[in-house]
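What follows is a single structure, written as structure tokens, with notes after it.
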Amino acid sequence: MADDTGDEQPGDEAREALAAELSELLGDAVVESHVEAGQNLWLRVDIELWRAVMAALRDAGFAYFGFLSAIDWTDAPEGRYEDTEFDAAGVGEEDDEASSATAEETVRRGGGETRFQLLAQLHSPARQAAVLIKADVPEAASSDGSSAPASVPSIIDVFTGADWHEREAHEMFGLVFDGHPNLAPIYLPTEFEGHPLRKDFPLLARAVKPWPGVVDIEEIPPELEAQLEAEVMAEFEASGAGA
Amino acid sequence: MSSATAATDLRSQQAYVAAQAADARVNVELDTGDMTLNIGPQHPATHGTLRIACQLDGEQVISAEPLMGYMHRGYEKLCEVRTYPQCTTLINRIDWLGSFANEVPFILAAEQLMGVEAPPRAQWIRTILFELSRIANVSLFLGDMGVQVGALTPVFFAFRDRERVLNQIEEVTGGRFHPNFDRIGGLKDDIPRGWIAETHAVMAKMRGFCDEMEDLLMGNEIFQTRCRSVGVIPGDVALSYGLSGANLRASGVDWDLRRDANPGLAWDQVDWRVWTHPDGDSFARYWVRLQETREATKIVDQLLDGIPSGPIMAKVPRIIKVPAGEAYVSTENPLGEMGYYVVSKGGLGPFRVKIRTPSFSNISVVPWVMRGTYVPDIITILGSLYFILGDIDR
Amino acid sequence: MPQLPGLLKGLGVTARTAMRTLFPKRGMRTLIPAPQQGSVTVQYPHEKEAPPDRARGVIALHEENCTACMLCSRSCPDWCIYIEGHKVKAPPRRAGGAVRTVNVVDRFDIDYALCMYCGICVEVCPFDALFWTPEYEYSEPHIADLLHDRIRLSEWMETVPEFLDYEPGSEQKVRKVPEFGTDDFAPARKLESDGARGLASGAGS
Amino acid sequence: MTDLLGLAYWAETSIKLGVALIVIPTAALMLGYLFLLKMMAFMQSRLGPQDVGPYGTLQLIADAVKFLQKEDIHPAAADRRVFRAAPVVVLASSFLLFVVLPTGPDAVVENLDTGIFYAMAVSSLSVLGVLMAGWASANKYALLGGLRAAGQLIAYELPLILAVMGVVIQADSLNLQEIVRAQAEGEIFGFGLIGNPFILTQFIGFLIFMISAQAELTQTPFDMPVAETELVGGFHVEYTGFRFLLFFMAEVATAFAFSALATVMFLGGWWIPGFDFNAPALNVLGPVVMLVKILVVAFIIFWIRFTYPRLREDQLQKFAWKVLIPLSLANIVVTGIFKVVL
């Protein structure tokens, strides 16, 4: 049990115990759990039971709503909008085993395969513990043939504060929350098209301007190199420095 | 017209009246037309470009809906195309009054992913600067609240004395507002000679400022009449809305991330306490913030006397690549819980950064709390909830 | 409703502040009004504020040290540094040495309209060519004029203050600002006068 | 009124008019500079204006010139005539107040027998202008401000007048000169050297008068009609240029006039202890004494303005009806009893 009020940072045992306890409480809803030593506890739950899990957690003392968001796990087609030369140069220069080993691999805390993952955090002030809850959002074929994330149960009747967070996730990722009364855009203009935080949404600021980091040094033409070198050397010796 | 339709009409009419009464907590028998009043986006009380669309019955608020996005800068997207050191530049500008405090949780999250820990001296200086930015931020609130309720002078005092704190921050970091001083693995630089003594003096001045504010504003009966039992947020509502910081503690919830989930800074090394107030009204929020500012000066004083010697930078590669993984770190920022959910795929920059800002959640309680209040109370409540627009819109 | 003490205390605070502002002097000269000393504001165009030495006012360029390595330009979050250069052949440093190939900066522009004053460029510079200075008076009526070139950036080198000492307990080493003004702000020309040859000068083009 | 220099009626009137036209803007400028600019700055650890004229003395004139240069803007939906008339009405109200203010045995524009009654009546005209401005601006903030001003009028004229009643009973006259005379010739327990300023016997009346005047002048803590942080300026939110200037002048000039009224009624007016009441020298010294006293009273008004937050409209109404009006009624009763008994 995470009954360590004196300790600011519950150790691993506390989190492991909490994970076990919550897995028991939530039963089949928990797909996977993950504890990162001294950092956090992740629970991945069944998306169908998202609302039920939230309600159960609230009743179990995790009544303090942290945040709700989503992750888009696809790689951006445009890369990082930066010259990859720089990335390559960085690896080459440092050349330690860590950087070369971890090139663009995916480590998902709590696992999962789908493109979109729903993410929320709850605190329990009484236990001084927090839990991050994830759920895979499956893709559902939409009417026009393209695939879009399936709709997700809304939790605003469990945590009223989730209202705005769900609206934000809706406009940024295009997730649809069933049962949310007003999925109006919260940041973007009403006529805005697209979902900016999806990885396939291009960031124009980086696309319209060339990267200034491209090396722009004019080389000496090879045919002049020897001549220049001789001139310089001659002058150097003539100036008396060579003596 | 048949009697059946008449009955339905009557019933729907009654239902409508009941709903209106319940919704607005106002007397609907008076036949007064509603008026829509837009507070903002350019209004002195919304310090920034927040807009609150109010439905008014006379001066009473039937509904208030905050509309934002006028300053949305898309930092979560922008962070995805930047390297970790470049991200802090943006993150500085989220809560621009307490910038240094913004950097810390992000850097801590990156450090968690890298498995790096900053040396103790860096941790202490981080904590000091963190608390200094808290003082700089909250002291402005202490004066600004005066302007919200109509007193002109306190805000000038706040600007006057905040300047001293900003000077101290600038002397170390080089930036008054945007320090950009925190680095993965430590700090950019060490503190200059003589700074500790100066900061002690400034802390004494800030305690004087708090006393002044107590005499000038908090003890003022008019201020109390304006703020007491205005905008009451009970503890369970605050928790459900995800309120954090002083807004939560003013509702009687004893929760402070500095004490309850210290991510590794030096708060556990010094003696301080968490202030809570049971009332949950605007006055309680002011009171808690005033006490916290005093407490922060004490924290800084104690930390200044005990800075351990040593390096300020852990060994990190010159070009920072963060191993793949996910981390969430949040700290008790001046405005509340500021957290960064950093997803790394092992590149030079983060794959996804979710920024959990305190003001976003804090201001989401506005529609709930403003129903049935008066127009002047809108301003009082907005002021006492204390938001920074950059913190809402990111 | 109102009780006297709180209201009176407030009046006391404002009156006391007014008195402190008007009569800041102590001792014999208490009664001479001197609001100039008592106020905390700075009468800006008449008197100037002195920012701390570390203040990030503007970035100065020590051109002699710049090798056009592009590190600053690449690490800039806003992409606001533009560098162009060319290679020259420079004489050896000492007798018997070989002729060196040196990069000379032709263009080093910082667009201060874009700059976020983060200081990453100054930090990453491996050759001590970029420095912060507390100078702050360089506003322009047109936004395009905020693009400052290497000449202007080099002029600011004069205002770079020495690095500060550290508090006891620090293990940091105090850095040194390189000497400024060895030549007429034109290192490329200095290299030339020392005998360097490259495209832009001498035999090329 | 005595014929001062034996001038014809038209000449006397035009001199008086000229003096009034000089005095009112000067008064507004003086109060504005001394208190609004300088004192406020000092109370906030600032210097205030410095550049225009020595110590920034000409700042307000520069501001006035600036206002005059500005474009005269009407909101599209405004009721133009009313919109234009409103600032004039407000300013006229404060101009008319100056008519009855006595500054010496003969130095008064018009010595009305019902002077105090006239002053009270005229001062409430300004609210009419405020209401006009609020209504005609076609702006919701302005409308709220105007309505607040009207509500405030009802709540605050009453205690204001009732507070004056005490003085009137004690002085046996509605004439302001007679009130000054009553104070000059009065005695405190047989000690008549400084007369009997009514602030001593009518202290509660003085407090009520000052509080109500603060509300009448829409100064903090009763500045709800203006309320910069809520209503963004309230009734004058849509005004620019010289129309705003008129509002501003009226605000400060009325503050001056009310300070003068308080001086006349409670602080002994222009009379200087030791002088004969009708001494001609007082026609010159009286205004000076008067000015000093006015500045003291105005200082208090502005001091409170810079220090206090503002009340809410309903709280103000509660305060007026539950505290001030009963208190002033009690004051009248007590004054009456003393008048009859003594």
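We call the chains A, B, C and D, going by the order they appear; numbering starts again at 1 in every chain.
Heads up, the rule we're going with is that a contact is a pair of C-beta atoms (placed from the backbone, for glycine too) under 8 Å apart; a residue touches a chain by one contact, two chains touch by 3 or more.
These numbers were taken from a predicted model, which means no experiment stands behind them.
*Asks:* By label order, what chains touch chain B and chain C together?
*Replies:* Expected: A, D.
*Asks:* Measuring between Cα centroids, what's the chain most distant from chain B?
*Replies:* D
*Asks:* Which chain pair racks up the highest number of C-beta contacts?
*Replies:* A-B
*Asks:* For chain A versus chain D, what separation do you get between their C-alpha means, in angstrom?
*Replies:* 65
*Asks:* At what distance in angstrom does the C-alpha mean of chain B lie from that of chain A?
*Replies:* Result: the chain centres lie 24 Å from each other.
*Asks:* Measuring from the mean C-alpha position of chain B to the mean C-alpha position of chain D, what distance in angstrom results?
*Replies:* Centres of chain B and chain D (C-alpha means) sit 43 Å apart.
*Asks:* From the C-alpha centre of chain A to that of chain C, how far is it in Å?
*Replies:* Those two chain centres are 36 Å apart.
*Asks:* Residues of chain D that touch two or more other chains: which are they?
*Replies:* Residue numbers touching two or more other chains: 43-46, 306-308.
*Asks:* Can you pull out the residues of chain C that are in contact with at least two other chains?
*Replies:* Expected reply: 1-2, 7, 10, 13-14, 17, 40.
*Asks:* Where in chain A do residues touch at least two different other chains?
*Replies:* Where chain A meets two or more other chains at a single residue, that happens at 86.
*Asks:* Looking at the whole structure, which two-chain pairs count as touching?
*Replies:* A-B, A-C, B-C, B-D, C-D
*Asks:* Using the touch rule from the top, collect the residues of chain C that touch chain B in their complex.
*Replies:* 1-3, 5-7, 9-10, 12-14, 17, 40, 51-56, 75, 77, 116-120, 123, 132, 164-172
*Asks:* Which bits of chain D are touching chain C when the two form their complex?
*Replies:* Its residues touching chain C are 39, 41-47, 50, 303-304, 306-308, 318-319, 322-323.
*Asks:* Considering the complex alone, what residue numbers of chain C touch chain D?
*Replies:* Checking each residue of chain C against chain D gives 1-2, 7, 10-11, 13-15, 17-18, 20-22, 35-36, 38-41, 43.
*Asks:* Quick one: in the complex, what on chain B touches chain D?
*Replies:* 35, 37, 43-45, 59, 146-153, 156-157, 160, 216-217, 220, 222-223, 225-226, 374-379
*Asks:* List the residues on chain B that touch chain C in their complex, please.
*Replies:* The contact residues of chain B facing chain C are 82-83, 85-86, 88-90, 92, 121, 153, 157, 160, 163, 167, 170-176, 178, 180, 188-196, 212, 215-217, 219-222, 224-225, 307-312.
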